[in-house]
Amino acid sequence: MTRQLVARLLHAIAVCAVVATSVFVLLQFAPGDPFATALDGADVPPSVRAEGRARYGFDLPPGERFARWTGALVRGELGYSASRHRAVADVVGDALPRTLLLVGVALVLGFAAGVGIALVQTRHHRRWQDRLFGVLTLGGVAMPEFLVALLAMTWLGARWRLFPVAGIGSLGDAAAWPVWERIVDLLWHLALPAGALALAVASRVARHQRAALLGVMREDYIRTARAKGLGEWNVIVRHALPNAIGPVIALLGLALPSLVGGAVLIERIFGWPGMGLTLFDALLARDYPLILAAVLLATLLAVVARTVTEAVAEFVVPRRAREP
Amino acid sequence: MSALLEIRDLVVEYASRGGHTRAVDAVSLDVMHGETLALVGESGSGKTSLGRAILRLVPAASGSVRFDGEDVLALGGDALRHFRRRAQVVFQDPKASLDPRMCVGDVVREGIDIHALATRQEANRRVQRLLEEVGLSAADAGRFPHEFSGGERQRIAIARALAVEPEFLVLDEAVSALDVLVRRQVLDLLGALQAARGLTYLFIAHDLAVVERIATRVAVMQQGRVVECAPTAALFATPASGAAQALLAAIPRIPW
Amino acid sequence: MAANAWRQLLDDRGARAAIGVLGAAVLAAAFAPWIAPYDPTLQPDPVALRLVAPSWQHPFGTDPFSRDVLSRVLHGARVSLGVATGAMLLSVTLGAALGALAAVVGGWVDGVVSGLVDVLIAMPRLLIVIALVATFGTLSPWWLIALIGGSGWLTTARIVRAEFRDHLQREYVLAARALGASRWRIIWHHLLPAVAPQLAVAAALALAAVIPLEAALSFVGLGIQPPLPSWGNILLDGTDYLTSAWWLVVFPVAAVSLTVGSALVLADRLRVAIAGEEHGP
Amino acid sequence: MNPPLLSVERLQIDAEGARGAAPTPILRGVSFVVQPGETVGVLGASGSGKTSLALSLLGLLPPALTARGRVLFEGHELLAASRGARRALRGRRLSIVFQEPLTALNPRMRVGVQVAEMACAHGERDARRAMQGAVDMLGRVGLAEAEVRAQRYPHELSGGERQRVLLAMALLLDPALLIADEPTSALDVTVQAQVLQLLHAQQRERGMALLLVSHDLGVIATSCERTIVLHDGLVVEDVPTHQFLSAPEHAQARALVDAVRPAVRSA
C-alpha cells in the first residue's frame, strides 16, 4: 500500500514537472512579454520598459530564469503578477477555492445523479425509463459543457431571469449580510455554472455506469443471487453495483482533466472568478508567472483528483480473483 | 528406438508478484520416435508450460531441449524457422486457436505460405487434400471457423499443423474441450494420422481416462515436476506415485 | 467474424442513424459552396439586415454583421469538420502506431510509451492547447490540426496497446508463431484485422472529443479566426446577443451536438457489436 | 404412488431469432418427473439444452430464451407463477448449484455473507443469526475452519472449497429439490470425486431429490438411479441407470455408452 502511494506521488510530481518545464519552455518561444503589452501606450519610454524587464529578471538568459523560477517554486513562491499588481500566491489563493467549489459541487452532484440514473436504467433495462434516460444522457455527453452553459445562460438566466448570469455574488455590501444569506446568494450564483458542469458529469457517469452494470448483470454470480430468491433491486444494488462502480470511478479520474478544461470555459462564460478566468486574463496580459501558476495548479488539481479517485476505486474494489 | 526429443533439467519461470513462479521445475523427459507420450497432471501442474517451452513459445529459464540432436533453445533465424516446420502444435480450445477473421483455407495455408512450400495453385490443392485427410471437404476452404462445430474446428487446427509436414506434434489438451463422442472421433483421426505419417505425439491431458487408449507411455506431472513416467499399461496397473494414484482413483467406476 | 461486427452494426437502427447524420454533415461540408444560399462572409446591409430572425430568406437568421447564419453554419462545417477529421486521423494513426509498437516490442519501448501516456493523460488537454495557442498567437487551421491531433493520441494508444497485448496471448497468435510466422506477418495478418473494429471505436471517440475542442477554442477566440466561419466562432458572434438572437446560439450548438452525439452513438454501437461477437456463438 | 415432486410436461424453450428470423428451438417438448428423494441424471452433449432446462425450472432463463409448457413443482405451476411466487420458492424449496464455482460467487463479498444472504432473502431478519447459520452449514459441507473461511473472499479459496460454499448456500434452507448443473466439470478430476460424494451424502441425509445435469456419463452412471438422455432438444431415453448402461435403446444413447465402455472396463 505504501509503495503504491509513493509511486502515485512520484507520478504526480513527474506530471507537474513535465508540465512546468514544457509551459516554461514554450513561453520562451512566445512573442512578446508583459512589458511589451501590459505597459500599453506609445508614450511609455523604452527605458521604463527596460527597467521593468530588469526588475523582474526578464533580461536574464532563459536557463537562469528557469532555474530561478523552479527554485522559487520549490520554496513555495509563485512570483509576482504584473497585471494584477499582487503576489501570484494571493491571486491564486483567492481564485482556487472558487474553482474547487465549482468543480467539487459539480462532481459530487453529477456522480450521485449519474449512478442513480444508471441504476434505474439497469432495473428497467430496455423499457421506457431506460430509453428516456438514454436519450437524455446522450444529449448530455454530446453537448460540450460550455454549450450547455451557454444555453442555460440564454434561457434560464437571460430570458427567464431565474438565475444570475455572471459573477459569484450579488452587488451590494455582502459583508453586512447574515451568513446564511451570503451562502444562499453564493449557491444561487453557483447554480448555473455548477449545474452545467454537473449535467456533463452525470451524463458521462450514467452512460459508463449503465454499460458497466449491464456487463456485470451477465455474470454468473448475478444468476446465483437471483437463484437465492433475492429481489431485483437487491440483486442490482448489493451484487451488481459494488462490482461495477470501480471502473466508473477510475474512469471518472481519467475524465477529470477534461472536466477541469470544461470548468475553465464555464468560468469564463459565467464570469466565475476562479482559476479559469484568472488564466484567461493572464493570457491576455502575457502575465507569465500567473499563466505558469494557473496551468500548473490546474494540472495539479487534475492529478490530485485523479490520484484520489484511483485510491477510492482501489478501496471500493478489493482484490479481484486473479486465477486463470 | 531412439529419442526424437530429449528434455534435460528444463525450468520455466513466470514473473509474478514478488519474484518468480516456477511452472516447470527441472524436468527431464525423452520422447521416442513414433511414440505417443502422454503428459498428465492437474491444472497448474506445469504441463502446458512444458509443452510451450519445448516449442519455444515461452522462454525457458534453464535446461536444454534437443530435437533430433539439435539444441532447440539455441536456435535462431532460419534454423528456428526450420524447426517450426518440424514441430507443430494443436491447442485445447479450437475456438480460440483459429483466427476468426480468416477463412479455413487461409488458416490451413498459412504455414505453406510462411515456408514457401508450394506455388499458389499447388498450395490450394494441398489445402484441399489436407482438409479431406482430416475428414472435412475441400469445399470447406471458403468458410469461416465460426461456421463449424467444435470437433470440426479441431480438425481444421490439425490440418493447419500438418500443412508444414511436421514430424512431431504437441497436442495440448487437444480433445479436452470436446464432447465424448466427438472426442472419440478426433482421437481415432489422430491415431490414423500417426500411423499414416509416422508422427510422434506429446499428448497433454488432465484426465488419465482420455490417454489410456492412445498413449505409449504416460508421464505424470505435479507442481512442475515429473513424478512418474511409465508405459501406459504398467502405470494403470501399478501406479507408483501419489499423484498417479489420485488421478486413477478419480476415473469414475461405472457399475456396468 | 469481423465481418459480423460490421454487419451487426449496420443492422442497428441507432448506428444507421448516426452514420446518416455524420454522412449528411460531411456532404454538407463538402458541397457547402454549392448548397449555401449566400456567401458566408458577405455583409449585404449591416444596418437593415442585422440580426434578422429566421425566415424563408434566411432560414437560420442573420448575424450582427447581416451575414446569413445558414451559409455560415454550412461553411463552418467545412472548417470545423475538416480540422476535426484531420486531427482525428492524426491522433488515431499516431496512437495506433505507438500503442502497437509498445505492445509488440515491449521492454523499455513499452515503458517509455506507457509512461508518456500515463503522464500526459493526467493533463487537461483543453487547458494546454489554450495556453499554447494563446502564447503563439493565432494559428492557421493546419497548425490547429497538428496541435489538437498531436495531443489526442493517448486514448488510442492505450486501447491499441491493451488489445494487442491481449491478442498476443491468444492461442491463434501462438499457433501462428508456432508455424514460424514473423512479427510483421502476425501484426498485418492477425493483429491489425483483430483490432480494426476497436480502432474504429477509437476514431469515433476521437472525433467526438475533437469537434468540441475546436469549437471551444474558436469560441474563446483562439481557434479559427474570422472572417473564416467555424461552429465555434459563430457562437462567439452570438454571445453578446443571447437574449435577442437565440438563433446565433441554437444552430451552431445543434450542429456540434448532432455530430458529436452521432460519433458517440457510433462508438457505442460498435462496441456492443464487438462485444456481441466476442460473446456470441 | 404419491404425486411427483417435479413434473415437467412438454417443456419447450426457444431462442429469439436475430431480427425477425424464426426462433431457434432449444428444447422441443421435454417431459419427465422427479419423485421426492430421487436422484435423476440428465445426460446430454454440449448444446443439447440441458443447462437451459435447469435454468427454466428456476425461472432464470436469459431474456432471449422463452419457455412454454408446464412445470409442476409441489403443486405450483412454475412457468405461470408470478415473479414473487417464483422468487419465494427459489432457494427455499428449489435450489441450484452451478458449474463454475469461481464465477458463480460474487468476487467482492465474503463467502459467509453470501451464504447467509440466502436466509435473509427468505425472511431472516437477524443478521447475526443468519451468519451463524451460514457458518454451521459451511462446516457441515466439510469446509475446514468454517468460522475463519466464512470471512474469506471467493478467490482466497480453492475450486473445491468454492463448490462447497455454493453447496452450503443451496442446502441452507433445506430445499426439496436440488438441481446440480455440471457441479464438477470445472474442478480438477481428483476433486470431482470428493464433491460428488459430498453431494450424495447430503442428499441421503436430507431425503432431498437431486437432478444432476451433466455431459459426463461417468458422473451420472456412478450416482443416479435414473438417467434421462437429452438429444437434439428431446428426451431420447428415460430409464433406470443400470438399464441404460446395459441396454441403451436410442442410437445416441448407445453411442454415448460405447464411447466410454472399453476405457472403464479395464480400469
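Just so it is clear, A, B, C and D label the chains in written order, and each chain counts residues from 1 on its own.
Note that in this section a residue touches a chain if its C-beta (ideal position, glycine included) is under 8 Å from a C-beta of that chain, and two chains touch if they have at least 3 such contacts.
These figures come from a predicted structure and were not determined experimentally.
Note on connectivity: the fewest steps through touching chains from subunit C to subunit D is 2.
Once the centre of each chain is set as its mean CA position, subunit B and subunit C turn out to be 48 Å apart.
One inter-chain figure worth recording: subunit A and subunit B are separated by 55 Å, centre to centre, where each centre is the mean of the chain's CA atoms.
One simple way to say how far apart two chains are is to compare their mean CA positions; for subunit B and subunit D this gives 34 Å. Inter-chain spacing, taken between the CA centroids of subunit A and subunit C, is 22 Å. Touching two or more other chains at once is no residue of subunit C. A complete list of chain pairs in contact reads A-C, A-D, B-C, B-D.
Interface residues of subunit A facing subunit D in the complex, by the touch rule stated above, are 219-221, 223-231, 234, 238-239, 242-243, 317-323. Of all the residues in subunit D, the ones that touch subunit B in their complex are 45-46, 188-190, 192-193, 215-219, 221-222, 242, 245-246, 255-256, 259-267.
Residue ranges on subunit A touching subunit C, taken from their complex, read 11-12, 14-15, 18-19, 23, 26-27, 29-31, 138-139, 141-144, 146-147, 150-151, 153-154, 158-159, 207, 218, 254, 257-258, 260-262, 264-265, 268-269, 279-280, 283-284, 291, 295, 298-299, 302-303, 306. The touching residues of subunit B, counted against subunit C in their complex, run 52, 55, 57, 80-81, 84-85, 87-89, 91-93, 96-102, 110-111, 114-115, 144-146, 157, 160, 164.
Remark: subunit D residues 55, 58, 60, 87-92, 95-96, 98, 100, 102-109, 114, 117-118, 121-122, 153-155, 166, 169 touch subunit A in the complex.
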